[in-house]
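These are the structures, in structure tokens.
In the two complexes below, chain A is the common chain; its partner is chain B in one and chain C in the other.
On to the complex of A and B.
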């Protein structure tokens, strides 16, 4: 047995010559690139793509801060990317190696987080919005285009215990701040208190704070409304459809506005194959490859060339591709300074304890 | 005993005791010292820590050491409240584990010798599958569509009591905690009870003690060391547990473990997280000291 196991392993190694020295190390979100895309890339570059995963930006930053290294590419959200840039953790891009950069919609370029895109190339985006059980919500006559459904007791009492919100200080506060008419980056303590009061008032009606389990719970019918990410809602809707449920999962962006999370590809300083990394970035900027992100994972796509490959019903989905006016009401989170982080954390602890 | 034997004994003791001692020194004392230092630093602007020495020309304006994290801890009753809540949760879990584990341990200890090892094996069998998977399984068992929930609600419905939700509640957290830690209570109790001399109970019976008296005056006092070590093995891990409330808890079930985890991930505030950990360690040590002090006169009488 042992001998045979050893044998197969060496056989495998013999079958893939050179690939061990040609490895691209990607530090990516869970489920943020399809296996088909990976296979296509590995074929085109005669190399191997190795991935490590994180499920939120803080986790990624915490791992890097604790000394994780050797990653060529990371895909952080704008505010985390801002932190990485200011830490000096990133390598500037060589744009001569990225001819496909022209495919990106200019409204996603030159953000305040990375003026001139010295370090980053947009990958995909998600919107934090509301997912819901369409039949149930219609039956109860509840609105789906406003945050009121997760904050106002007059709506919540009809769906008590069937609602979850994101277990993220920034995301939940952003939703509450938007509902109150403030910017998601408003750092005025008085407005924070107002938002916290709103959350505490609504909290008894919520089942839980949830960052991932709402996907499954929506798709099985246990939950009727969830605050979550657009690509997760895409997943939940797909799951409900595939398992032949008697209901459908819908999702929409509240009229008050919401959080737009633009994820970008950046080169980490500790990476050992910058050439391969540029090759990957340019590959992902190709319309067809970028379109996979939308067709298979439900991500919003900043790539104009990709749109011709995107399935028409997804392209028409306003929750994934917002209209111009809706886009104007979306905001990207900015990082807080250390004092604000501590205060927000205390407010969050208070919210959780009440 | 000759001098040579003595030296040999010392060398042997060093060889046997040295490695674990060095292990603890490196992996317990070292990190604890780092944590104490960290708790007195400023958090870095982007997470991590601000430098100790004054930076030449950077955004980091604060540097060096500060008791700020502790001041922040004591500036609000909030944190004391969470400590109290977590201690209450740990105490409740320990108590329930004790109530459930004691009869089981007695049963195993008094069963036939050839079955005992098998029964002990059954107690630790859940460890064969990953802890998180077992907790996720409770999500299904307690979920609103589960057979258990529907059964309970059907019975409650007969009495006209509205449906209850089991999942995402303090009850679910308590169930998860008890479930995970029960074997840690059973094992020390069993090892203790197994050593009891049955002759003592027979003698008591001959002298006219009834079942209750035999338990309360003989078995229970003799089993106290097992009760204490089992309780410590349950109480302390429950205090630091964050996964169970994260998965099974509702909107209000935050414990210290969650708070500390939040400081290192969500908030990126290492000094405050370290300060919280140190306060927790101190609290646990004082509880342990109190327990030893309370237990002392009783064991003194026994001995």
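On to the complex of A and C.
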């Protein structure tokens, strides 16, 4: 009788062979879940977790917009999630299936991207901050708790050619806006020009705009200061320690505030096993499973129950787990409108050409 | 004369160094005992061990090989036919159709193939859709190479075969095909290489749940590319080397046979 009910509800589902019914398809960043966690989940649900990867939110959006289907869960960053919600590409969550949602720190819930968390559950976050060679910075007597170190010539003089900043229009502008005391989503054209001037003034002191190579350069000692992502700084620090360097890599979030990039779990409309997807989301909200990712990557964790399983030296790191006051100064990037995008591209071209 | 020779040799040496030193570095660093792989730290085989325990990565390599072999095979057959047809007949539309995918930006081809598969053919994305997509952009390359070879050839060879009573099929099998074989092999090898490292088109045309090598490697960028990638690249290079040696052996065998029959 139950079987019959299943058939009439959806013929499509009945046509899927049995072995496929127990597969959960996750569209995720590569290496963004620990293999240990996967093994535990597969055991607990008697199913298989199959992953497909993207390296960029836009890539994922393009593929889904063209009509690709079959993905149960996706892990987009907030602004991409915004787009998915507006396109109507997501399934609302059934919160009665997610009792562990109570583990999430309320400061990461109810964001402007998804009011009331109708569609999304926070997964992990990174902060764009400053990484530095601790010994060198101490020796030169430079501050590490302010963006001034990458924008003010009086500091930059001492580290000329040993600094890189992110090669990203939004990220670099956000750092400059924050240093000037504005919001990263500030819409005032005057403020943007001010930020661009600040960048142009500091640019001669920078070695490069870099999105990935700074990890290696910092770990080998060629760079002394880098503007980059917290999880990359974690990798660099780990590598410098493992290879027994004479220096250590530190990282900290500037007092003025910084960009917070929150990745969330959402259910795609085309998913064939929403029940299993809810089961997975609830499983990932368990403290231990959530902690695995932080221990692996040094990613930020919005789960309060996870803290007891996070390695003590990571848990103590203020750059990965910001204090209340520091968290209040972090902001998430919102999508720009057309006019702002054009202005930003123009400013960026000027910055790059000068 | 002697002077010319030294120049030639040093130019050749530089070109080869430019081509092969990066590959050598990839191989050497696959034995490096450092996750970040920034500098040489120490010798280890642990990345190969990790690789052989990484079912996903091995499946991805297997899938990529199947795709590359199938796509290069069908592209070679179709591309050779297209090359012959374009050479022999004065066609207007076919050359445009065959050569366009070569010049078209990959992202455009990827998205349009995806839309075509989903909305026109109503095909479930999977290995088949990737093979079709790869065949599409490889045909043009094979056809260009085959046609170039045919243009250099003496038309009277084929006429002589027909005069001596060979059927069109016999002419093709015994005269044309052996003559254009080097171009066909070159086209096949080129298709194989293009297919096995294509990211953009593969990303768009792949279905859920099949790991494909270039996607696995490329998407690691967000976190960190580990020397495991060097290890699998080394193994693939080894495989490609073996294939090229076999192809060269076959070619040498064929040409020595040619020399015997013609003498």
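The criterion applied here is as follows: the second predicted complex is superposed on the first by the 318 of 354 C-alpha atoms of A that agree within 3 Å, B and C clash if a C-alpha of one lies under 4 Å from a C-alpha of the other, contacts with A are read in each partner's own complex, and residues count from 1 in each chain.
Here is the rule we use: a residue touches a chain if its C-beta (ideal position, glycine included) is under 8 Å from a C-beta of that chain, and two chains touch if they have at least 3 such contacts.
These numbers were taken from a predicted model, which means no experiment stands behind them.
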| item | value |
| --- | --- |
| Partner chain(s) touched by A:335 [first = chain B, second = chain C, both, neither] | first |
| First (chain B), second (chain C), both or neither touched by A:59 | both |
| Contacts of A:220 with chain B and chain C, given as first, second, both or neither | both |
| Chain B versus chain C as contact partner of A:207, first or second or both or neither | first |
| First (chain B), second (chain C), both or neither touched by A:184 | neither |
| Touching partner for A:29 - first (chain B), second (chain C), both, neither | second |
| Touching partner for A:236 - first (chain B), second (chain C), both, neither | second |
| Chain A residues contacted in one complex by chain B, in the other by chain C | 59, 62, 220 |
| List of chain C residues in touch with chain A within their complex | 34-39, 41, 56, 111, 114-115, 118-119, 125, 203-204, 206-209, 211, 215-216, 218-224 |
| Parts of chain A lying in touch with chain B, wherever the complex brings them together | 56, 58-59, 61-62, 65, 83, 86-87, 161, 167-169, 203-204, 206-209, 213, 220-222, 335, 337-338, 341-342, 344-346, 348-350, 352-354 |
| Interface residues, chain B side, partner chain A - complex | 42-48, 59, 72, 76, 78-79, 81-82, 85, 139, 143-145, 165, 167-168, 246-247, 249-252, 254, 258-259, 262-269, 272 |
| For the chain A and chain C complex, residues of the former touching the latter | 23, 25, 27, 29-32, 50-55, 59, 62-63, 66-71, 212, 215-217, 219-220, 231-232, 235-236, 238-239, 242-243, 297 |
